[in-house]
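In the two assemblies presented below, subunit A is common to both, partnered first by subunit B and then by subunit C.
The block that comes next holds the complex of A and B.
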C-alpha cells in the first residue's frame, strides 16, 4: 500500500527524493538541483560547440558524438556507413563522467535479455528483409560473426512461428562476391505476384562503393529459406551521377504502380539535403531512375534505412505496401545518419509523379521537432506487411548505451525491439500508434492487480517479487479536486517549455507531475529508472502531457550513457492516462497512451540486478494525488535457440 | 478400449470407431508395438498405426505415418472450429474460436506438411520442433476456449478433439525422438 512517508535516506550520494521531500520554498514552486542543472547545461554547451567544430570541418561525414576507441569508429565511417558504436556524451560532460565501472561477469550476464531477439553472441545492427512465408516469420539482420563490435557484416537469419520464440538458422548471406566484399548490408524483401520472394540489398564493394544487389531463395520449397542465391548479374544498381559512392544504401520493399511496374526508393543526400531516390523496374534486374525524387528535406543530412508504406485512415489494420486509394495516407520514414534518430512524417503520395508531400511541412521527415517512432534508443527501423495476420509490423535496432569495452567483455552487443504493430492513430490523424505484437502476451505468467492512491511526494513499493522481467499495464488518474485547485490558482505558473530531455528528469517536481513507475530499482532506490507522466498546465488552462523515461540514476556506473528521454503525448478529451512498460533486464520499452509516444531505453544497473530488482510507484508532484490502477505480469523467457545444421541437413556455415 | 470423452458429434468418426474396434490379439512384439511402448499413450499410438494399410514397417515410415495422423486430426479439428464459428451465437466464444482457427491454419496448411517432408529428408529435429509447436497451439486454443467460458455443447467436443490432437503430438514427438536416438 502507499506509504505516506518517503523512503529512508540512502547512503549513496544521490538520494532521488531528497530534493522533493522538503519544506516548501515560498517563491518558486520548482526546485532545480543546481549541480545537476549546471552539469547538464555545460554538457550540452560542450556538445553544441563540438558539433559546430565538426560540421565546419567538412570532409568525412559529420558526427556529433565522440568515441574513445577512435580506430573502431573510423572503420565504420571510412566504410561509408553511419557511426555504429556508441554515443559518448560522457566524455564531454565533466561532472557526469567517471572512471569506467569494474564490470564483472555477474553484473554483465544479467544484462542479457530474456525475451528480446538477439543472437547468441557478437554484434548485431539493422533489421533486414523481414517477411512471412509458408507459416514462418523470417528475420534477417546485420551481424558480425567475429566480434562484439561492428564489422565483417553478414546477414544473420532466424525464423519464428510467432515473432517471439526464434530458431537461429545458418547465415543467409556472406560477403563472398566483389560487389559485397566489404559488407552485405541492409535490404528489404518484396513478394512478386506469383508469391515468390526477391530480396534487394546494399553491398559495399571491394572498392567500398555502395551498390544494390538482387538475391532470392535458392529453394522456394524450403519453408525455412535457408539458402540464398545472388543474381549473377549483380549489382543491379550503382550510385547514379551526382550521388556519392558512399551515399547510396538500404533499398526498400517495392510497391506496384498503376501501370504494373514495381517501384522502390533509396535514401541518399545532396550536400546537406536528405533525399529519397525513386526507381521503377519490371524484373528487379534493370531499373529506370526518375528525375524527380520521392521527397527531400534540407538540412537533414543523409537518409538511411528509408521506409515508405501506406496506412489506413480509418481502420486499425495493416496494408500491403502496394495498396493505395482515398482511404490511405503514406508514411515516409528515414533514419538520420547525423543524429541517429528515426523520423517519420504522414503525407500524401501522388502515384503519377512518384512524389510525396507531408501533411505538415513544419514537421517534415528529419526535422528535429518532428515525429519519431520512439524517443529513446531506437534506430534503423523497418516495417513489413504481415499477410498472415493483416498487420504492418515494425522492427528496430536497439543498440547498447554502454561502452564498447563492456560490450567486448560481455561478448555481445545490441538487441531488437519487440516487434510492434503500426497503424495510423485514427483519433488524432496526426501520428502513428505502435503496440507490442499480441503474441508477446503468451509469455505472461502470473499477474497481480493493484489499485493504489499515492499522495504527493511519495514512493510506494509494489510487491511483485523479482522485477526484471515484467509487463505492466497501468491507468493513472489525477484527483479532480487537485486539478481544479491547480487550474484555479493563478500563482501556479504555466509550465512553459517543458521537455523531458532538458527539464531535469524525475526529481524535478511540478504541480501535476512527475508520477509513474520506478523500474529496475533496488530497495534503497540508489539505482532506478523512472517511467512517468509529467502533466503541465499550459496556456488557457489546457493540460499538456509528457511521457518520459529518466535513466540518469539507472546505474551507479558512469561509463554508460544515461539520458532522460521522452516527448509530448497527445491525450484526448475523456481519456485517462495509460502506460505500458516491458521490463526485460537491460532493456525497457515504454508505451504512453496506447502507443502514441514510445520510449525504448537501455540501462545497466550494478546493484539492482537478479533478486535485488524491485518495482516502485512514485508520485513526485507537488499538488496532485494520483490513483494508479495497474496489473503486473511476470514474463517468461522466450525460447530463442539455434537450430543445428544437422537438424536441417545442411553444412554448417557459421 | 474405452473412449472416456463425452463424444457428441465429431465427424472424424473414423478414429473414434477405431478406438472401439477390438484389437487383433497379437502378442508378438513387432516394430509398431516396440515403438508404441515407448510413447506416453500406447493405446492411442497402436490405434493410429495398426489399421494402416500397408503397415509401416520401418522407423521412418512410422514417424511419417504418425505425423500424418496428427495432420489429419488437426485438419478435422480446424474444420470443426470453422463450422462452430459459422453457427456461433456468443461473441466471446466466437472470438476464442477465431483465435484457435488463426493459429491452427498455418500449422495445418504449412508446418506439419513441412515437417513430414523434412522427415523424409532425415531432418527430425525440425519435425519435433513443429510438432511441439502444434501441441502448444492446442494448449493456447484450449486456454482461450476455457476463458471464453462457453458452456454450450460445442466446447465439450472441441475440448475432446484438442486433447486428442495434443496426445497425438506427444506420441509423434516421442516416436520421432526415439528414432533420432535409437536408429
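The block that comes next holds the complex of A and C.
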C-alpha cells in the first residue's frame, strides 16, 4: 500500500533533475515546477503500484469459477463456511436436472398441519414472550402480516387453555414508534413479585439500530391480554460501547439475584466470538451492565435468542427461572446465526459474579459437536416456566424446507413445534430430555397395537388406514442371538465413522441397523420418510446407537431440501430402544429414547398425501432380526382459529 | 504543497477503497465477476459489506427482471415451451416479489440470515426454471448468470453473519 514515505526517495532523486532544468529560473519561482513534477511522478508511481496490486490480486483470486457440478466443499472453504450450512445448495444443485414438480393447490393444501400452531396465513418465525396468566396460555410470535416470507415484522398473539387448541387474537404489537419502526422483534416475559407482567423486546429503530424496549399489558384485568402498552421512556437499552448496532437482540426472561435485583442476558458477538451480555435492573427501566459476560465461546458467531434457566438435578419437574441452589444446574442456550442451529450446554451459574461455566467445555454452547435441542429443522427456540403445572416448556420455530415460490403459492410459511417439557436427564446427567406436552394426548382417537417380528432386509406394511395424522410409540428389541453373533464376529468392524447426516441414509445397511418406520409413504414406497435407529458395535463391544430421520426420498419433488438428520442417542444398560413419532402432514417430530435425541423434519410428498399415505415398518439390517412392539393412534385435528366471543362463554353483544 | 497532498490523498483513497471491494471479492467464488459488478456501480466505492451485498441484490433484481422479459418474449417465439415458461414465470416472479424484498429488508436491518435465505432461494428458483427445459433451455446463459451472481452474493452475506 502506497504511503507518503515512499515519496521521499523520489523527491530526493527529483531535485537534481529539476534543478538542472531550472537554471535560468529565479529561485523564488523554482518551487512550483518541482512540485508539479513531484505530483505527476508520485501520481504515476501510485498508479503503477495500484496496477501491480490489481495484477497480483487477480492472480491470487480463487480459481474456482462457478461450476454447478463441483465442489460445494471448495466453495464452502472459500466462503469460510462449514459444509453443513451448504447442505441446501448441494442437495439441490445435484438434483435439478429434471422438471420441477408443478405444485398445485391440492398438493399444497395437504401440507398444512392439523395440530401444530400456525397462523391462518403468511410468514411466522420466532416464538415470543410465552406465558401462563389467569387461566390462559399465551403465545406471541414474529409475524409478517403482508407476505409468506420474512419482513414487516409484528407480534402475533394467540391463547389456549391446553397448549394444543388455540384462538387467534389481534396483533399484540406493531411498529408504531420510532424505536420499533423497522420491526417489533423477539422478546420475553417476566412475572414480577406482585404477579404483574413485563415484556422486554427488541425494536429495530427508524435508523436500523437494535434496541430493547419495555411493554406491559394495558389492562391486567383482561385475561386475554389483548392490548399492550409500550413504556413512554423506550428504549430502555441501546447497544453498549463495543457492540454493533445490529448485534444486540432477543432479551431473556429476567431472574432474581440474591440482593433482590432482576437480571437479564442478551446475546451478541464480538468479531466471531458469540457472547451473552448481563444487565441488572430493579425496575426494568434503568439497567447496570456488568463488565463481565455471562459466557462467551470463540468462533461461534452471533448468539440469537439466548435462553438461560435452571434445571433440577434430581426431580423431573420444571423450575421457575429465579430458582437457584445446590440441587440445580443451569442451561445456557443460544441460536447460532451462522448455522441456524440451536445449541445448549449444561453448567454452573455463579450468582455473585454473574457468570456461567459449562460442565464440559469441549461441547460448549455453539460447538458443532455439542448438544442440540433438536437435530432437524428447529430454531429460535424459547422456554418459559409454566407455573400452572410446574413445568418448563420449550417452544420452537420450525421453518419450511421448500422453495419460496411454493410458500408464496400456498400462502403461508412456518409452524411451531409442539410445546415440549424440558428437564435434565437425571439418569445421564449430561443432556436434557424433551417430550411433547401431555395435553397432546387429548387428540388421540382410535388406536391399534402391534407386535411384529421383522427379518433383515424386510419392509412390512402397518395397517392403520389413513396415515398423515399419527402418534406412534414403539419399543424395539434386537434378537439376542443376532447380537451375540455380531459381537463374536471380529470381521464386523466398529462403525467409527457413522453419522446420520453423512452415512447415506436408511438404504445403507449395517449389521445392526437401520430399522424403524417409514412414514408418509405411498404404497409403492416411491416416497417415504424413514425414522430409525442405527446400532453399531462401539468400543469395548458396547453398543452405540444413533437415531436418524432420512428425508432424502420423502418426495419426488426436487426443489425442496431433503437431508438426513440425526445424532448419537444415549442408551443405558437395561434400556430397550424406544421411539415416538408425531406425524402431522408436512411435519414429523421424532423422539428417541424418551426424548434424549429429538429430530423435527419438514417433508413435502407429492404422491403420499391424503388417502394414499401409508405406514411401514422396516428392517434394513444385514444380520439382526428386530421385534417391534408399538401402538399407533390416529390424531384428531386441533382447533386453531380466530377467537370469538363464544370462547369466553360471553354473549357476543358484549 | 497543499495541491500535491490533495492529489496524493485522492489517489491513496482511491487505492484503499478499491481494496475494500477486492478484499471482499477475494472471499467469494467468483472474484472477477464480483469485482466487475461492484466496481461498475457508483455506490460500490464507498459501501461497507452490507452495502456491497445490497448492490448485488440489486443486480439479482435487474437480472431477474431481464430474464422475466425474455420469458415473456418466448411465449410467441416458442409456443411449444408454454408449460416450462409458465413455471419459469412463476419462479422469476418469486425472485422479484419475495426473495429480493426479503433479502433487502433483512440486510438493511441487520438480520442477514433472512438475506441469505432469499439469495439462496433466488438461485434455487433459477435452477428450477432451467431444469424445466430438460437440457434444451433457451435461458441457459441467463440462468448461469443468476447462479453465479447468487453464489457471490451469498458469500458476501455470510460475512455479515
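Here, the second predicted complex is superposed on the first by the 545 of 654 C-alpha atoms of A that agree within 3 Å, B and C clash if a C-alpha of one lies under 4 Å from a C-alpha of the other, contacts with A are read in each partner's own complex, and residues count from 1 in each chain.
Criterion: a contact is a pair of C-beta atoms (placed from the backbone, for glycine too) under 8 Å apart; a residue touches a chain by one contact, two chains touch by 3 or more.
Remember, it's a predicted structure, so these values are computed and weren't measured experimentally.
Residue contacts after overlaying the shared chain place A:114 against neither subunit B nor subunit C.
Once the two complexes are laid over each other on the shared chain, residue contacts for A:247 go to subunit C alone; subunit B is not touched.
When the two structures are aligned on the shared chain, A:485 is found in touch with neither subunit B nor subunit C. Counting the residues of subunit A touched by each of subunit B and subunit C gives the higher count for C.
In the superposition on chain A, A:238 makes contact with neither subunit B nor subunit C. In the superposed pair of complexes, A:442 makes contact with subunit B only, with no contact to subunit C. Look at A:208: by the touch rule set out above, it reaches subunit C but stays clear of subunit B.
Touching of subunit A by both subunit B and subunit C, each in its own complex, is seen for no residue at all.
The part of subunit A that touches subunit C in the complex is made up of residues 1-4, 7, 35, 38-39, 42-43, 46-47, 49-50, 53-54, 57-58, 60-62, 64-66, 68, 75, 78-81, 88-89, 92-93, 96-100, 102, 147-152, 182-183, 204, 208, 210, 244-247, 301-302, 337-338, 340, 403-405, 407-409, 558-559. Of all residues in subunit C, only 1, 3-4, 7-8, 11-12, 14-16, 18-19, 22, 25-32, 83-84, 87, 90-91, 94, 97-99, 101-102, 105-106, 108-114, 117-118, 120-121, 123-125, 127-128, 130-132, 134-135, 147-148, 151, 154-155, 158-159, 161 touch subunit A in the complex they form. Contact residues of subunit B toward subunit A in the complex are 102, 106-107, 109-111, 114, 121-126, 129, 133, 140. Those residues of subunit A that touch subunit B in the complex are listed here as 134-136, 161, 167, 223-224, 388-389, 442, 643-644, 646-649.
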